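I've put the structures underneath this note.
Here chain A shows up in two complexes: once beside chain B, once beside chain C.
The block that comes next holds the complex of A and B.
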């Protein structure tokens, strides 16, 4: 059975004003300021919008973003009831539904999340409907849960909230497909219970006029395993921040990312992994390709290993391939370590053009320069794609990559 | 029948600010069915010769000609040279992440043969060649050269030669880094292709660059050339290789070669 539901059918917040949120303990106006290391790794976490001034291009977290193209989403663009729809096929054993009003409000911040920026604080205050994907404890769902989020109107600002909740020792695969035209603030909360095993992929393949500011928060349970893939292709401006924390030792996180920016497109990914409990693992691999004038991407990977996080094993890597002149990729890996008792903490980043030796090797076997480039770009992406582990996503993205390559006549 | 004629070839290597002449007038003719060994000290320009023939963009030909069956090789692009029948087994094959070996081999064969080989026959062809080269079939599913050991990379080069069936094969130190069993397997691969191509009436011409005579015990050279300072200093038969092995290059360079 296919269900399509319009997200956000209720007109704005139904409960009180900005501070009328006390009903929910996770969100109730709490403000946490982490002292100690003073850096952008520790922005203010608060549900109070007033705690988050409108960012400017001088704000560390927004310095790469083209603020003027955000249609005010980062500032005060008023959220309205919109045209975003969510569609999914029912799968036995998984509860997928839209939760509105007070019940929906109670789900905001359910992953123990407090907003760290204005747009997300405003989103939580506004209380859009929550699309809840609930997998009960101890259940194993083999078939991927696929939810398509479709936009139909980029002229209004909308907000959307998704909560993926896996009970203890549950196993599931979740795919979010985002498409269509929208101006949207998006919060995706991911709560993996103790011993849970989640493989999730988000395909952001918006229409060319879409602006999206997204925030993913992943809460990894004790001994839980989470694979999080973010595949960003379409849209005018798409900025996704992913915050990760671990609720207990033994958490294992793999993050994969692919993006392809065409002329004029701006795609940004920001990752913040907070290692607090001991013996957790994080492995991050993001790759991007850029082609065309003013194709721009930014990638910032922050890993914080706190004093208690002994036995941490952390690796992050970002690679960018510039296919043409006029494109620009920023890449900033950051590592902050407060303990020496770790297994590994490595980060690297590389941005470059085609490797001449790769092209020479292929051409020396009779392969034309165009085909050689195509093979190299495909290979560049497939190194990540092969790890995603969801065949429908791999097929979809392979097709998307071919479509992108066709743009530059390859 | 194939013929590669190299006449008075001068080549400079292009670096960021300078260009330096490495090949200073190379003359060499390789006829179909012949095997020519080139031996010479480190840095004498052997790989430069190999890369220049294949068309590597780092090297600039400043004068001279290279003809393959009368056709001007130097005016061809890298891929055109390969399709014309030149093959270079590289000294240091590069790793290409994410491109599977099977996809690479099929794409190359399609390009060189001018049409895609039939799937079933192709799979058998690859399987048989890999078996003769004692390569694990799993290699086909791995990225090109990625994580291959030195010896595995060299087998992979010879595998490509067998599948692409060139008229002229240039083997740049294919024997380096091989243990004795691998050396035998790889040499047999080359000899098999020599015999096969001869039987098909398209006998391959081989230019074998090496530092060691041990490979020449498996692959019999018709000619041995001593390469010094960007030129062929002397040519002879296999007795020349034996002399080099015993005495080094002193007679040609006027100085002892570093061990």
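The block that comes next holds the complex of A and C.
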């Protein structure tokens, strides 16, 4: 059975309504959390919008983003009743539904998330409907849960909240497909219970007029395993921040990213992994290609290994391939480490053009220059795609990459 | 990470080894005759006073006053180290230690001579290892000599004040041309109150075969030292300039804020080596930048061992085709220290290349941060850049950060960045000890090996000093 439901069909409840955020202690209706780490990368987390001034191009976390093209989403654009729809096929054993009103508010911050920027603070205050994907404890769901989020109107500002919740020792695969025209602030909370195993992919393939400011928060349970893939293609401006916390030792996180920016497009990915419990692992691999005038991407990674996080094993890698003139890729892999008792902490970043040796080798085998370039790009992305491990997603992405390459006549 | 019981002691020995590297060896101070009379705080009168005492041309006074306004207007940087404890009103901005400059060692006042004896300047000179010695003591260069053959080649090696008097045209052309006063708050401060530093000019085609060396010392409590160095290496010339800093330990915080400007002309090469070993109450906030023209090469070799806070990012602006920039950096952050160091490489022309190699060791709660920027501007096609950062953490309470920025506005470039943070491995120790080394020897060897890529680029006497520091501590540990 396929279900399509409009998200936010009515205005959100008035502020100050019932609030069931059990995980936080509220003082005067305001919850604040400092990272405890002195660095320009860590704003104070707070539920109060007033604690998050409107970012400017000088704000550390917003300095790459084209603020003028965000239609006020980062500032005070008023969220309105929405045109976004969510569509999914029912799968036995998985509870997928839209939760609104007070019940929906109770789900905001269910992953112990507190906003670190204005847009998500405003989103949580506004309380849009929550698309809940609930997998009960101890269940194993083999078929991927696929939810398509479709935008229909880029002229209004909307907010959306998704909560993916896996109970202890549950196993599931979840795919979020984002498409259509929208101006949307988006919060995706991912809560993996102890010993849970989640493979999750987000395909952001928006129409060319879409502006999206997304925030993913991943809370990894004790001994849980989470694979998080983020595949970004469409849209005018798409900025996704991913924050990761571990709730206990033994958490294992693999993050994969693939993005393709065309002329005039701006795609940004910001990753923050907070290693607090000991013996957790994080491995990040993001690859991007850029083509056309003013194609821009920014990738900012930050791995924080706190003093108590002994036995941490962390690796971050970002690679960018510039296919034509006029494109620009920023890549900033940060590391903040407070203990020497770790297994490994390393990162690497590389940006460049085609490897001339590769092209020469292929051409010496009789392959045309165009085809040789195509093969190099396919090979470049292959490493990421191979690891995603969801066949429908791999097919979709392969097709999209071919479509992108056709744009530059390859 | 689990460790065999006998190796946990080794970890302790390692901490001592690292300790040895940054133990401050020159912690004495002389009687403070000149410093106590100097005025604290900064206003227009202080700036006019400095300029008047130095009998400077009008244009320099105007530059200073303009810079003072910029300094007052600019906020402290919000990133990097914590600078909130600097009390600009409690700093002496100019101290003159002797009224007359002297040209021979014997003419120096006894207490100054004693201080320098302890660092070993005369010996170094006797050994003919030093081409010219310019020793800065309390803001002004008091001792300056240069070998005659260099002078005959037309090489100029003066303190900056004399440089301004003797070469006013060169000075007016280049002063502030690489680092304008308004570049940042501390370059503005330096431009307003600068005093001392070195002025070097190497004529076309001249290769200075031995390093030019200058020793700097701060010796007045709460006294800022604002030296200003200007180095011009003309076409196809070569020079290696060596700056070394040691300072006595004092109670309250002191500020060192230098500006170093270097112009490397077409086909020329310049190497600038610093070993900074300020006592751990000094704020060391330095702006260093080079403009490298076509085919020119600039190499910064930068060691940061002392100081409470260091913020230093030697930069190369590659202005012409095939220009090259490189930075080799080693930092030790011990108890209470924050070494925020790195480099900025700006590719502004095609076929330029840059390389940054950074090594840091953090221990006893110290924090070392690599902070760098590689920027490839439009038109700088076929540029290449590699950045490698290695950090060694030896305990569970120290901190190491890596904040690399890569900003590419041109295609057809090749960029690479790598960083690893590690703990000295028990496997390495075990292997060395199985070969007959004691724990202490093995630890020393691991640490020496870690900094070897930097140490081998140092002039001999500096490398010796570094190694001696390790060995001294090891002797104690073994006994």
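Basically, the second predicted complex is superposed on the first by the 386 of 410 C-alpha atoms of A that agree within 3 Å, B and C clash if a C-alpha of one lies under 4 Å from a C-alpha of the other, contacts with A are read in each partner's own complex, and residues count from 1 in each chain.
We adopt the following convention: contacts are C-beta pairs under 8 Å (C-beta built on N, C-alpha and C of every residue); 3 or more make two chains touch, one makes a residue touch a chain.
All figures in this text were calculated on a predicted structure; none of them were measured in a lab.
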| item | value |
| --- | --- |
| Which partner, chain B or chain C, touches more chain A residues | C |
| Which superposed partner A:360 touches (first chain B, second chain C, both, neither) | first |
| Which superposed partner A:342 touches (first chain B, second chain C, both, neither) | second |
| Partner chain(s) touched by A:127 [first = chain B, second = chain C, both, neither] | neither |
| First (chain B), second (chain C), both or neither touched by A:311 | second |
| Touching partner for A:181 - first (chain B), second (chain C), both, neither | neither |
| Touching both chain B and chain C, residues of chain A | none |
| For the chain A and chain B complex, residues of the former touching the latter | 355-358, 360-369, 371-372, 375-376, 378-383, 386 |
| In the complex, chain B residues that touch chain A | 54-58, 77-79, 81-83, 87-88, 90, 93-94, 96-99, 103-104, 107-108, 111-112, 143-144, 160, 164 |
| Touching residues (chain side chain C, partner chain A) in the complex | 1, 78-80, 82, 362, 391-409, 411-423 |
| In the complex with chain C, residue positions of chain A that touch it | 38-41, 60, 307, 310-311, 320, 322-353 |
